[in-house]
Amino acid sequence: PEFLERFQRRIDAEEKIEPNDAMPEGYRRTLVRQIGQHAHSEIVGMLPEGNWITRAPSLRRKAALLAKVQDEGGHGLYLYAAAETLGVSREQMTEELLSGKAKYSSIFNYPTLTWADIGVIGWLVDGAAIMNQIPLCRCSFGPYARAMIRVCKEESFHQRQGYEIVMTLAQGTPAQKAMAQDALNRWWWPSIMMFGPHDADSEHSDQSMAWKIKRFTNDELRQKFIDATVPQAEYLDLTLPDPDLKWNEDKGGYDHGPIDWDEFWRVVKGHGPMAKDRIKDRKAAWDKGAWVREAALAHAEKRCARKIAAE
Amino acid sequence: MAVWQAILELADDHLVLGHRISEWCGHAPMLEEDLALPNMALDLIGSARVLYDHAGKLEGAGRSEDDLAYLRGEREYRNCLLVERPNEDFAHTMLRSLYFAAFMRPYWLKTLEISSDETLRGVAGKAEKEMAYHIRHAGEWVIRLGDGTEQSADRMREAVASLHIYVDELFESSDVAAEAETAGVLPVRGDLRAAFDATIAQIFAEALLEVPQVPYPQTGGRAGLHGEGLGHLLAEMQSVHRAHPGATW
Amino acid sequence: MAVWQAILELADDHLVLGHRISEWCGHAPMLEEDLALPNMALDLIGSARVLYDHAGKLEGAGRSEDDLAYLRGEREYRNCLLVERPNEDFAHTMLRSLYFAAFMRPYWLKTLEISSDETLRGVAGKAEKEMAYHIRHAGEWVIRLGDGTEQSADRMREAVASLHIYVDELFESSDVAAEAETAGVLPVRGDLRAAFDATIAQIFAEALLEVPQVPYPQTGGRAGLHGEGLGHLLAEMQSVHRAHPGATW
Amino acid sequence: PEFLERFQRRIDAEEKIEPNDAMPEGYRRTLVRQIGQHAHSEIVGMLPEGNWITRAPSLRRKAALLAKVQDEGGHGLYLYAAAETLGVSREQMTEELLSGKAKYSSIFNYPTLTWADIGVIGWLVDGAAIMNQIPLCRCSFGPYARAMIRVCKEESFHQRQGYEIVMTLAQGTPAQKAMAQDALNRWWWPSIMMFGPHDADSEHSDQSMAWKIKRFTNDELRQKFIDATVPQAEYLDLTLPDPDLKWNEDKGGYDHGPIDWDEFWRVVKGHGPMAKDRIKDRKAAWDKGAWVREAALAHAEKRCARKIAAE
C-alpha cells in the first residue's frame, strides 16, 4: 500500500516508469495486455491492406501501399519490443495471438472489398487510431510512450495518404466516386466503434486513467474523431452514413446516431466476417515459416560453435 | 531507336520481381522478413517506375509508366523468366533475388561507368547500392538455409535445381538490348558473367551448395515467351486498372 | 420487377461455385475425381448460363449472360458466401458442395411445383436431378472422410467448423428474393430448412460428424458484402474478357 | 519361334489379340510402354488447357473447355485400364510418370500463353493426335483398339471445337486475330514434331508395323496432317510459319521446310520450357491427395469388416 502510494505519486508527477522500476502487478499486467493487443493489431492489420497490394491500380499507389503495410510490421516490431521489456517474449505473444487467446483490434476482422477501402482505411481507421494513440505518447510507461511517438508520426502520414486516395476517387469517374462512397458507408460505423464502449460501460477505464496509461475516455476520443472527420467528408462531397449526425451548438461538437452495440460485441467476441480467416492466414504463414526459423537458429548455433572451436 | 524497348526489358524485370516479392506481404516466416521483403520489393518497383517513365518518354507515343505496366498483356511483357518464377518457398524466393541482384549490381555499376543516358545513370547510382543490399540479405539467407538444418539444405538444393536453368538468360542480349549496348546506353550483358559467377561462387561455398551445370538453359522471356505463371500475375495486377479504363488513381 | 435480380442471385451462386470447383481441374486426389469434379462444375455453370440469360431478358436492358458474368465487380455479385469459400482441401470442397446441393435440391423441386416461370421450371427439372447426384457424390465423400482415417476425420471436422457458419444464409431471403417468392416465381428459402437438415443429419450420422450450433451465422453475400476471396476469383475470371472490350469469343 | 510364327499369322489375319492370349514379351512390352505414354499424355495434357479454364472469356467457352479437359481425364482412365489388362497397375504407371521414368507427349511441355492457344491446341495438337490415333483403332491389341475408337470420336469433336475458336478469333478484332496468328506461330512446329523423327531415324517403327501396332510411318502421318491443315489455315486467312511450305504437284502433297531436330530432342529429353513445372504440378496434386486416397481405402475396409461382422 505504501508502495502503491509512492508509485502513484511518481505517476502524478508525470515521471516515466521504466522497465526496471518496481511497479504494481496490475500496472504491469494492464500494459502487457494493452501493448500486446496493440502489437497484434499492427500484425493482423497487415492482412486487409496487404490484400490489395497485388491489385493496386497504379505503380505509385502500389509502392505507397507496400510501404504502408511495411510500416505496420515495423510498428508491430517495436511494440513487441516494448512489451518484451515487461518480461513477456515475442514468441509467447505470437502463440497467444494464434491460439485466439490474445485479442487484436476488431476493425481488422472486416474485409477489404474494393480499392477504395484502402483509401478509407487510411483516412478513418488510421485516423481513429491516431486519436487513440496521440495521448499514449504521454503514457506513464516510458518504452510504450516512446514507441508511440514514432508510431503516431507514421500513422499521420498514412492518414493523409488515405485521405488523398479517397479524394482522388471522389473527384474521379462516377464509378470511382461510388466506390469511395460505398467504402465510406461500410467503414464509418466500425471506425466509430474503434473507440470502444461508452464510458459508462467501459471496464478498464478508471484505473488506466489513474495510472496515466489512458488520458481520455472512449467517448471523449470518439467525439474528437467525429468532429475532425465530418468536415473532411463534406470537403470530399461524400456522405457519412448516419442520418442523425448534426452539429450541436451547445456542446460545440457533432451529435451522432445510436451505435449498434450488438454488432460491436459480436465482432469483439470473435465473430466478425474475417475473424477465422485472419487467424488461419497468420497461422498458415507462421507454420509454413517454421523450417526457416529452425534453420536460422541451427545455422547461428553452428557458426557460434565454429567460432568457439577456432578460439 | 530501339533503346526504349531495351529499357522496357529492364523495367519489366524490376516490376515483375517486385510484384512477386510483394506477394509475400504479411506472410513472411518472421516479422523481420515482413519488413525486409517489402523493402526489396519497394527498391525494385521504385526502379521500375523510373525506367517505365523513361522508356515511355523515349518512345514518344505518350505512354505513361502506368500505361506500360497495366495495359500490356503477357506476350508483350519482356522480362526474363527468372523474375516471374513463383515464390514457392522462402528458399526459392531468396535464391531468385540473389541471382537477380548478383547480375544487376555489376550491370548498374557498368551503367554508371559507360552510359550516355543521364536518367539511366541516375537509376544506376541508387540501384547499385540497393542491389548490394539484396545480395547481402538474400545471400545471407542462402547461406543460413544451405548450412542450416537438413530440411533447409534440401530445400535450398531444390531451389538451385529449379532456378539455375534461368540464369543464362540474364546474360543474353535481345536485339533491342544489343542496339542499346552498341549505342553505349547500356552495358553488354554477357560481359557481366564473371562478376556474377564470383558472387555466386563465394556465397554457394559458404552455403555448401554446388553450382550446377546447365546443358539446356531456359530462355525466351525477351521474346515474350513466358511461363504460365506470368499471365496469372498480370491478370491480378491489372484487374482494377483495366476495369476502369481511363481513370486516374 | 425485382424478379430478375432474384434470378441473378441464383445465377451468381451457380457460377461462383462452378468456378471454384473448376479450380481443381487436373489437380484432384485421384483420376476418378478429375472426372467427377468437372462434371459438378459443368452442371453448375450450365444452370448459371440459363439463369443469366433469363435474368438479362427479364431485366430488358439487353445484357447477355456474358455481360452479367464478366462485367460486374465484386460488390455487384450477389452470391451467398458459402459458394465463394476457397477450396482449401478436398474435405472443404466436398462439404461445400454437399451443403449447396442439399439446399438446392428441395429448392428446385419446389420450383417445379409452384413456379409460374416456365424457364425456371425448365432449369429446375434438369438441375433437381443434378443436385441429387451432387448430394450423393459429395455426401459419400463426406462419409468416407468422416469415417476414414484419423487425419481425414480431423480435416472433415475442421471443414464443418469452417463452413457451417455460412449455412444459415442459404435460407435468408433478400428483398428481391422475397418479391420473387411473393410473386410465386421462386420458392420461399426459409421453407426448405427441414429438408436440408434431414439430408445433412443423415449423412453426418454416417460420417460420425456433429451438426454444430452457430450462434453468429455469417451473412451479407446478397448485399454484395463478400469475403476477400471473391475479388481475386473475379479478377482472374474476367481478365481476358475485360482486356478486350466488346470482342466476341 | 514356332509360337512367334503362329502369333504373326494371327496378326496378319487381322485377328485381335486379347489380354489373356499368349503374346511375345516384346509385343507386351511395346504396348505397355505405348499405352502408358499415351495415358500419361492425356493426364499431363489436362494441365496446359486447364490453365485457361478460370480465364475463359465467355461462359460457353468455359463450359466447353471444362468438358474437353474432363474428356482428356476420361481418355487417361480408359487407357490406363487398357494397360492394366497387360498386368501393369495404374499406381505403378503413376509412379513412373512422377519419377520421370515414363515419358509423355513432349507437346505438353510447351506453355499456353494466351486464350488463342486453347483454340490452336484443339485444332493442331488434337488434329495431329487424331492422325496418329485413327490407325490405332485398328491396332492388333483389342483393348487398345477399342479404347482408341472412343478416344478418336471425342478428339475429333475437340478438334472441330478448337478450329471454331480460332475461326472466331481470326474473324474478330485485330487484337484477336493477332492473338490467333501468334498462337499458330508458336504451335505449328511443335505440332509437326508430334509425329516423331523422320522414318530413317525412327527406332521402334519396323517391328511395330509388323505387329500392326503401328500402320503408317511417321512421315506418312505428318504428310497427311500437313495436307489437311494447310487449306484450313488458308480458309482462316492465317499464315503457317514455314516459308518453305508449298504444293508439290508430283507427290500430290505439300513440301515443308526443315524441322529443328535439336529443338525436338531437347524437348523429348525433358528440357522443354514447362517440363519441370508439369511434373512438379502433377506430383504436388498426387502428394496432396494422399490422405484422401488413404481415407477412402480405410473407409472401404471398415465397411467391409462391418459387413462381415453382420453376416
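We call the chains A, B, C and D, going by the order they appear; numbering starts again at 1 in every chain.
Definition applied: a residue touches a chain if its C-beta (ideal position, glycine included) is under 8 Å from a C-beta of that chain, and two chains touch if they have at least 3 such contacts.
Not measured: the values here are computed from a predicted model.
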- prompt: How many Å are there between the centre of subunit C and the centre of subunit D, using C-alpha atoms for each centre?
  reply: 34
Query: For subunit B and subunit C, what's the span in angstrom between their mean Cα positions?
result: 41
Query: Which residues of subunit A are in contact with two or more other chains?
result: 55
- request: Among the residues of subunit B, pick out those that touch two or more other chains and give their numbers.
  value: 73, 235-236, 239-240
Message: How are the chains arranged in terms of who touches whom: line, ring, star, complete or other?
response: other
Query: Among all the chains shown, which pairs meet the touch rule set out at the top?
result: A-B, A-C, B-C, B-D, C-D
Field: subunit C partner contacts - residues on subunit D that touch it in the complex
entry: 43, 46-47, 50, 53-63, 66-67, 69-70, 73-74, 76-77, 80, 90, 115, 165, 168, 172-173, 175-176, 281, 284-285, 288-296, 298-300, 302
Query: What residues of subunit B sit close enough to touch subunit A in their complex?
result: 15, 19, 22-23, 25-32, 34-35, 38-39, 41-42, 45-46, 48-49, 52, 65-66, 69-70, 89-90, 143-145, 147-149, 151-152, 155, 236-237, 239-241, 244, 246-249
Statement: Given the complex, residues on subunit B that touch subunit D span 73-75, 162, 165, 215-216, 218, 220, 224-228, 231, 235
Statement: So, in the complex, the side of subunit B touching subunit C is made of residues 73, 232, 234-236, 238-240, 242-243, 245
Task: Would you mind writing out the residues of subunit A in touch with subunit C in their complex?
output: 48, 51, 55, 111-114, 182, 186, 266, 271, 273-274, 276-277
